[in-house]
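Dumping the structure here so I can ask a few things about it.
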Amino acid sequence: MRFTLTLGPETVAAEIEERDGRYHVQLDGERVEVDARWSAAGTLSLLIGGTAYLADVAEENGEIVVGLGGHAYRVRVEEPGRRLGRRRAGAAGDAAQRLVAPMPGRVVSVHVRAGDRVALDAPLVVLEAMKMENEFRATVAGVVAEVAVTAGQAVNAGDLLVVVSPERT
Amino acid sequence: MFAKLLVANRGEIAVRVIRACRDAGIRTVAVYSDADREALHVRLADEAYPIGPAPAAQSYLAIDRLIDVARRAGAQAVHPGYGFLAENARFAEACRAAGLTFVGPPPEAIAAMGDKTAARRTAATCGVPLVPGTREPVGSDDEAARAARELGYPVMIKATLGGGGKGMRLVANPGELGAALRLARSEAASAFGDAGVYLEKTLAEPRHIEIQVLADADGHVVHLGERECSIQRRHQKLVEEAPSPLVDPPLRRAMGEAACRLVAAVGYRNAGTVEFLVDAERRFYFLEVNTRLQVEHPVTELVTGLDLVREQLRLAAGEPLGYTQGDVIARGWAIECRISAEDPAAHFRPSPGRITAWRPPAGPWVRVDAGVYEGAEVPIHYDPLMAKLIVWGRDRGDAIRRMAGALAEFGVAGVRTTIPFHAAVMVHPDFVAGRLSTAFVERMGSGLVPRPDPARARVAMIAAALHAYRQAGRAWRSAVAPGPSAWALAARPRVPRVPR
Amino acid sequence: MFAKLLVANRGEIAVRVIRACRDAGIRTVAVYSDADREALHVRLADEAYPIGPAPAAQSYLAIDRLIDVARRAGAQAVHPGYGFLAENARFAEACRAAGLTFVGPPPEAIAAMGDKTAARRTAATCGVPLVPGTREPVGSDDEAARAARELGYPVMIKATLGGGGKGMRLVANPGELGAALRLARSEAASAFGDAGVYLEKTLAEPRHIEIQVLADADGHVVHLGERECSIQRRHQKLVEEAPSPLVDPPLRRAMGEAACRLVAAVGYRNAGTVEFLVDAERRFYFLEVNTRLQVEHPVTELVTGLDLVREQLRLAAGEPLGYTQGDVIARGWAIECRISAEDPAAHFRPSPGRITAWRPPAGPWVRVDAGVYEGAEVPIHYDPLMAKLIVWGRDRGDAIRRMAGALAEFGVAGVRTTIPFHAAVMVHPDFVAGRLSTAFVERMGSGLVPRPDPARARVAMIAAALHAYRQAGRAWRSAVAPGPSAWALAARPRVPRVPR
Amino acid sequence: MRFTLTLGPETVAAEIEERDGRYHVQLDGERVEVDARWSAAGTLSLLIGGTAYLADVAEENGEIVVGLGGHAYRVRVEEPGRRLGRRRAGAAGDAAQRLVAPMPGRVVSVHVRAGDRVALDAPLVVLEAMKMENEFRATVAGVVAEVAVTAGQAVNAGDLLVVVSPERT
């Protein structure tokens, strides 16, 4: 079975065959033999050339999230010629960023006004929730199309906060 | 000792108190909001009763309901934990009025230390050095501007009834003062019901070092040495240790005696913490008194061998301390890392949701005080602290290595955690060398943003491919995704369909 | 220090060694039999390699395969854990021949102490008191009968190369001697490859107290005080503690010095344990030397603050001890309970199978050294020990209460465990009073068979009824029963069908 | 829904109704209200009149095994007029005891001969397995009908060891 795997900027071609309970994996032509065991809870124990790895694998927003060594790697898996994973709405890319409140809270501060030009990662809004102030940043470079809240305002989960339109270059 | 005690809290500290009560032969009564029916503290208590909807104001902060449950369950005492009502003098008074023993200082001492400007005046009276600042809440903006000019910029605005970083604002120059005062007052009003604020001079990269004290009903006071809590982010402590790499025996004695003088002066009882800032010249300045158990109390426990919650229970029951300052002997080094459901790679954004994997580390001198379990939900309504990882070692290097190993072993899935942040701190040269300050996290900036290991990226790709391969070989089930995550509300999960 | 080490063991002790290596910056190589691919030690090691089929003789006891894996993986050292090859001089020699450091004493010391009659002679030479008995293996049955008559019945038959209770037989009167000799010789031959046995006088209800020693390459020897391991069943230790409630400082000094003399006499290196029996008059008698890490080493760690596996690694790498007897200071009290997959309500019958729930206790001074996890299988091929629960307290009463609480919190399903047995011990008046002896378990008999709480039987009925109700409301799935249990082979599970 | 519950010597009638997410349980006429929550792993959190219990519930050999407070309670659940649980073959009762080796091991000793009369709980065979000697006892009082092994013999899982025929009284 063939896949295309994308992790961050890197995309590789993969092929998997199962033989005698082991997986023969090719990544961009390089072959590795993998001894893989799944636990009921979705934990994956891997032995690759003797080296041991323990990974937690789950699907989230159309990506496969692999927890490994304390980090979460988000991998997009596609079959050649057909995308299997779907990008997260509003994530980095060409689409506009529609920032909505992920939980009930209070708007502490708004750092942009409609019409502002913002760079990637520029602070947009600070929301207080879970006893913490949470800063939300631009996931696209562009122009602020809409600011739907003001500082001090209480918001519910799902309420629109800010819309950023991507810069056309 | 009490026969039954109500724990007026949730999360890891409720679990901590329940365990201490169990070991002391005290039955425990847990309370839970609608969001917490399946929480760990409900599982471990002897009894558990609902107290209202998820928002804390209607449950964990609802004094009447807590007193009512305590009465009906026949509890004789109430432990407030930390946060929520732990430093609320009205709650301590309500307990007293209901004939319940409040496990903490008397309401008068809570009130006396809760008013930060009053506490500063008391400290001055006891000869405890203060950070230069206003002795009274500042009135008009003009008065504040005058005071700030005298102190010299940068200055810190603090809430009179403050705590936990609320209502605090750093002001770098006179131009920022007006706006900062407005924000700080509004934050203080909404957090503490009092808009009063005062000003303090800002020390250059100070260290946060605090002294644990215990006081019994006969007025005997001992201190249990210091904790250093300089690794903070936005006034939230992240890493704590005992002892402090800065403090030598003479400084420890001086700070300890200052702390004991101060609490003795206000008729303090039970456990408390006197917080100080310490500058590069090892001068210490009184910051505030926390009239409750601290989150970071375990590091003191592991070096002194004293169970602080047990001591709180004993002292609340009227037992004498039973030992003197000379009996308190510290051994080795302890470090605590706060494991929160936050994403350190995304500015510590909260990451509530279902914990799909929870594999805490274990082994010698590794302690995990957790409020969660595998399959539990981290609700959006409360503090994102899931657990505290505490280790002990013979010396600081030993403790750091053990903490690094324990962090590497800690497996969590379903929510993002601060584990990789802590792992980065443990190998940071300044941390290893003990060069700490409250500016540590900010100064390090992106150096502490956890970076994934590039060599492991390839293994992650293999794992993802194996997962997809396996899913393709299975009958497609309708619900593959784990339980709903609040963060997913912004973008509904879409499950990749992998045809044969 | 070594860069890479092979752990020639499985279960909790392999996990323990892996953690110690990780904290010391040593990469670990695990080995696993076909039954252990998914075991915890394989999950936690840096590398893992298969070494053969499930039976230990073809895997964990296969010296050639272990040496081969160590060589190919580039390991510089081998830690044998306990059991399996830990006291096998041939294995230590094979490591040496392959250029690998064996973490333990030199083969000569293992051999000298492994021959129990030779060890007794050495002890006698060093002025260490012996249990009266034969100095040499007994030859004919007649010679044995003469020796037994001289010692006086009851006598104990022991294997010359013995250990772990194998080849031991208690003989109450002359009529039983012949049959007991035959059985003991056949057991010794099959367990140790040598049918030699010797006789010892039986002490009346002695206590089992042992001394932990450490020795470096320069011949410096210290002892770390005693452990009492009197709570045994069929010579298998169940509960251990440090210090012993019987031992006072003079006795500790006398036993410690005797132990140090003995190991110094045989050029001992690394960690070892000298076992003694102590009678009601506090006279101590040499029993044997265990030339390895003991299962119960954690109780010594918790009172001394010394990481024994770390010390083993340091000493094996040629580092000096770095401290003297006066630097070893014990604090507080530690107790260990062995949590095995055995059914204490059915004569401790092994209970292998899939662990469907595993909720270890946690909190201050509660340590769980486990070799399993939720979802893991306890294989039928090896020792049923799943975990060791170890607690520390300021005094013995404190430790007992904490252990009782931790046992109450420990939740395991899928296999039966010794947890209820230990819970019964912790509240037994003799145990609480420190009145211990190796006859404790036998003497208590059914008093230690855990009795379910009748009040909870009703709750169990409610839980069962709710389960049936819930199952009735579900689409019936084809496989409700958990993973296959070896014990179920005798009687295939039948699932009750609860129609709507 | 009605059940008959048997635990050891005790048999009680039970009725369960679910209302508003709570369970109203009658045991022999006595009513209790139960707040019950199942976790994915089969752990059951119960609140009964404010008292908290944590139980592990599983099915085993036709009984429902409830782990509670360190003990395993084996409950037989039947609908009136129809037995739902099935007894374990060879367990206590009228049937003969066919003792088979539950795991591979070595027979250490055999305590009975064919024709011996044995009391309930009398030792039959000691089997060494998992580094331990395991004693197997009579689960019925009766007469030894067959002894299939001798001391020292190696056995595989499932091999017959001893058969005891129940005493007719």
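We call the chains A, B, C and D, going by the order they appear; numbering starts again at 1 in every chain.
One rule holds for everything that comes next: contacts are C-beta pairs under 8 Å (C-beta built on N, C-alpha and C of every residue); 3 or more make two chains touch, one makes a residue touch a chain.
Source: prediction; values computed, not measured.
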| item | value |
| --- | --- |
| Between subunit B and subunit D, the fewest steps along chains that touch one another | 1 |
| C-D against A-C, pair bridged by the larger set of C-beta contacts | C-D |
| Inter-centroid spacing, subunit D versus subunit C (mean Cα positions, whole Å) | 30 |
| Between subunit A and subunit C, centroid-to-centroid distance (C-alpha), Å | 48 |
| Inter-chain centre distance, subunit B versus subunit C - centres from mean C-alpha coordinates, in Å | 40 |
| Sites on subunit C at which at least two other chains make contact | 44, 359, 374, 408 |
| Overlap residues in subunit A, where contacts from two or more other chains coincide | 41, 54 |
| Overall pattern in which the protein chains touch one another (line/ring/star/complete/other) | other |
| Touching pairs among all chains present in the structure | A-B, A-C, B-C, B-D, C-D |
| Residue numbers on subunit D that touch subunit B, as the complex places them | 35, 37, 39-41, 45, 47, 50-52, 54 |
| Touching residues (chain side subunit C, partner subunit D) in the complex | 164, 186, 234, 236, 342, 347-350, 352, 356-357, 359, 374, 380-384, 407-408, 410-414, 416-417, 419-420, 423, 450, 452-453, 456-470, 472, 480-482, 485-499 |
| Partner subunit D, residues of subunit B touching it in the complex | 29-30, 37-38, 42-49, 73, 374-375 |
| List of subunit A residues in touch with subunit B within their complex | 1, 3, 5, 7-8, 10, 12, 14, 16, 18, 23, 25, 27, 32, 34, 36, 38, 41-44, 46, 48, 53-64, 66-73, 75, 77, 79, 84-86, 88-91, 99-100, 102-104, 129-137, 152, 157-158 |
| Sites on subunit B touched by subunit C in the complex | 15-16, 19-20, 22-25, 44, 298, 301-302, 305-307, 331-332, 359-360, 362-370, 373-374, 394, 398, 401-402, 404-405, 408-409 |
